[in-house]
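In the two complexes below, chain A is the common chain; its partner is chain B in one and chain C in the other.
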Partner chain A sequence: MTAEQIIFLLVAFFTLGSGFMVVTTRNLIHAALWLIATLFGVAVIFALLDAGFLAVVQVVVYIGAIAILFIFAVMLTRKDMRDQGPQMNRNWWFGALISVLTFGGLYFLLQGWNGLSKTAADIPSGFDAVGELGNALVSPNAYVLPFEVASVLLVAALVGAVYVAFNWK
Partner chain B sequence: MVPLSWYLILAAALFSVGLFGALSRRNAVAILLGIELMLNAVNINLAAFWRYGNVTNMAGQVFAIIVFAVAAAEVAVGLALVISVYRQRNTVIADDIDMMKF
Partner chain C sequence: MDFLQDPLKIAADWLLGIFTGWGMPEIAAQVLIGFLGVLILLSALMVLDIFLVWVERKVVSRFQDRIGPNRVGPFGLIQPLADIIKLLIKEDTTPEGADRVVYNIAPLLSMMSVLILWAIVPLAPTMLGVDLNVGALYLIAAGAIGTLSIIMAGWASNNKYALIGAFRQVAVMVSFEIPMLTVLLIPTIFAGSMGMSAITQNQDIWYVWITPLGALIFLIAAIAELGRAPFDMGEAESELVSGYNIEYSGMKFGMFYAGELLHAFTFGGFWAILFFGGYRFFGLEQVSAFLAVAVVVFKAMIGYWIIMWIKYTLLRIRIDHMLAFNWKFLTPLAFVLLMVTALLNALLADAASWFYISIMFLSNVLLGWISLEVARVYSRRQREKVEGPKVVEVAHH
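Up next, the complex of A and B:
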């Protein structure tokens, strides 16, 4: 087993364990903090995959913005959701059954696919992944249209969020 | 070198954990936390297929960035809705938010 595999296994178990804590912890603030741990594990996975830009964006956008937004939302809606009362709904066993079946089905599908044990080719020397990504995002021959649509979506979502959450009284 | 299957199985497991959270939590904010886990699992898949496929084709990373943008938009609108509902109904439990139930 190589060093990279050992690092991958450690990070994968850390990510899955903290993901499990996110969905089972009673205290929602703790759940949001476990979410930060999970997101950090995913950022390390991105770094292992040589996707450095994605790892940085994961830390800046997910941990820096989205997780903080979650913590604010938990604190703003906390008055009646102290830690008493069940945190799971009545049909939680049905949800557990569906997610176990989903994992089993995905695992079964993956076993039947012949590209599974593929290993990655080396990145060609002098290949600038971040520069290529930037070019692809603004090139008319590549992905400029989805990029612009995503920016319009963000503006619409932010305006909508302000409108929905505004206190009209 | 780590084989592709390890990444795919990790992503499938993380997706299932998020799905369990989204289906079985009562608090609306916790449901959104589960959805975030599912989106992250999908991003691991996209980055893994980029790395193990043709590296010069940036489609996987571009798609992952679009998923980041959609996740940010979803969280902003979702949490605004939760806060708005909390102001009017004084609850964030998804079972109790049934104003549209006929």
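Up next, the complex of A and C:
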């Protein structure tokens, strides 16, 4: 086993363990903090894949904005941070079934894929990954349409938020 | 390779020779040398941090017409060491009902969020931790961890004042992140890279001359991120006793305090790197790597001094005014400045450099003037709405 594989396994266990804690811990703030640990683990995995830009954006957007928003929402809406009720509802068997089926389907699909045993090609030195990503986002041959659609969606959400919060006198 | 040019590489090669001579595999030796490098950088920073306490106290006392620490050692230089011993032997208290784990992690995260910033600081052409190609975003990501540490400290302390302080501080930090990120894109446009090393090396002319307004917005946003006066919402001592760190004692409080000082110094350094040429100073950085480090530390100290100057001169701004200032003035201004800069940069791509620089400078001045004029007209209208039109009093004879 190479050092990179060991690091990947450690990070993967950390991420999954934190994800498990998010749904099992009874304290809502702890759940939010475990969620941050999970998101951080995902950022580390991006960094291991040489996707530095995605790793940093993961931290900026998910930890810096969304997780902080979660914590604020929990603190401002809940009087008692501990969850008292049962942690399962009546549909638990249905959720379990779906997750088992999904796992089985993925396992079945990946059986026929030969990419698992390959090693990734080395990135040539001087390769400007961020520049390539930026060009791809505005190139008509690549992702300009999804990029613009996402922008319009965000602007619509922004306008909607301002409309809802506006103080009509 | 000259030792004066690239001391780190020579030291690393020398250590590598020794470690492999002991029979250590080369990869393990390189990992060990990497760890040693980080250890040396962090230790140097922490030692510097101790003396920043002294610098801060001396400077504030001069601003307030006092002498400052002058009893322990020459010029009071030993005072911070005595303070550290005091902090270490203080009782370590944990409030009742505190969330112990979160309470204890928060000061560590606070210090960490500052220290990891130094991974991307180019100290000299040959001395930098990583030349990250997303350096500008990394700066914001580290700030996100700082925000997290404050909300963790405020919440885990089980104290109303701490929680209110944390809420206010986080509201400020989250909002001022936006103009800061926007303004960080301006040096990125000029340098064509988000890496701190490329930004430094591209500054044949300091970026402050082509984007003075951007440098100013970055400074304002940086002070807000630091939570220093006039933006010290988190620990407004006259309103919140001490804010988010009220329940911390001993070295845990010391971590927050030292973290704040080092953070201010670090942002002074980033201000210097982004807008004042970093380690570049009339070719001095070519002479020796040590001189380059001296230049960047000197520039960072000047930036730190300006941040202190502002802190000890201005009054605290009320929170709603501060947030309104950010959302209604600073953020739109930063967006417009970014668009104008990007447009002019594209239009003037082939222009002579004196023309490019003067147009950029003038556009910044003009934009600053227009925005102040708009703010003035708007605020006068608001005042008239509240107070009625201004009546000019005629003097009686």
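Throughout what follows, the second predicted complex is superposed on the first by the 153 of 169 C-alpha atoms of A that agree within 3 Å, B and C clash if a C-alpha of one lies under 4 Å from a C-alpha of the other, contacts with A are read in each partner's own complex, and residues count from 1 in each chain.
Simple rule for what comes next: contacts are C-beta pairs under 8 Å (C-beta built on N, C-alpha and C of every residue); 3 or more make two chains touch, one makes a residue touch a chain.
All values derive from a computational prediction rather than experimental measurement.
Peer 1: Using the superposition on chain A described above, determine whether A:Pro86 touches chain B (first), chain C (second), both, or neither.
Peer 2: A:Pro86: touches chain B, not chain C.
Peer 1: Tell me the contact category for A:Phe53 with respect to chain B and chain C: first, second, both or neither.
Peer 2: Both partners, chain B and chain C.
Peer 1: Based on the superposed arrangement, let me know which partner A:Leu106 touches: chain B (first), chain C (second), both, or neither?
Peer 2: The first partner, chain B, only.
Peer 1: Just chain B (first), just chain C (second), both, or neither: which does A:Leu10 touch?
Peer 2: A:Leu10 sits against neither chain B nor chain C.
Peer 1: Please work out whether A:Val138 is in contact with chain B alone, chain C alone, both, or neither, and reply first, second, both or neither.
Peer 2: Neither: A:Val138 stays clear of chain B and chain C.
Peer 1: Which partner does A:Ile36 reach: the first (chain B), the second (chain C), both, or neither?
Peer 2: The second partner, chain C, only.
Peer 1: Identify the partner contact of A:Asp128: answer first if only chain B is touched, second if only chain C is, both if each is, neither if none is.
Peer 2: second
Peer 1: Does chain B (first) or chain C (second) touch A:Gly19, or do both, or does neither?
Peer 2: The first partner, chain B, only.
Peer 1: For A:Gly64, decide between first (touching chain B), second (touching chain C), both and neither.
Peer 2: second
Peer 1: Once the two complexes are aligned on chain A, which partner has more residues of chain A within touching range, chain B or chain C?
Peer 2: So, of the two partners, B touches more residues of chain A.
Peer 1: Which parts of chain A are in contact with chain B and also with chain C?
Peer 2: Common interface on chain A, chain B vs chain C: 53, 57, 65, 72, 129.
Peer 1: For the complex, which residues does chain B have touching chain A?
Peer 2: 1-10, 12-27, 29-30, 32-34, 36-37, 40, 43-44, 47-48, 50-52, 55-56, 58-59, 61-62, 64-66, 68-77, 79-84, 86-87, 90-95
Peer 1: Mind pulling up the chain A residues that touch chain B in the complex?
Peer 2: 2, 4-5, 8, 12, 15-16, 19-20, 22-23, 28, 31-32, 35, 38-39, 42, 45-46, 48-51, 53-54, 57-58, 61-62, 65-66, 69-70, 72-74, 76-77, 79-81, 86-89, 91-92, 94-96, 98-100, 102-103, 106-107, 110, 115-121, 123-124, 127, 129, 132-133, 136-137, 142-143, 146-147, 150-151, 153-154, 156-158, 160-162, 164-165, 167
Peer 1: What does chain C use to touch chain A in their complex?
Peer 2: It comes out as residues 27, 99, 102, 132-134, 137-138, 140-141, 143-145, 147-148, 151-152, 155, 163, 167, 170, 174, 177, 194.
Peer 1: In the complex, go through chain A and note every residue touching chain C.
Peer 2: Those in contact with chain C are residues 3, 29-30, 33, 36, 52-53, 56-57, 59-60, 63-65, 67-68, 71-72, 75, 128-130.
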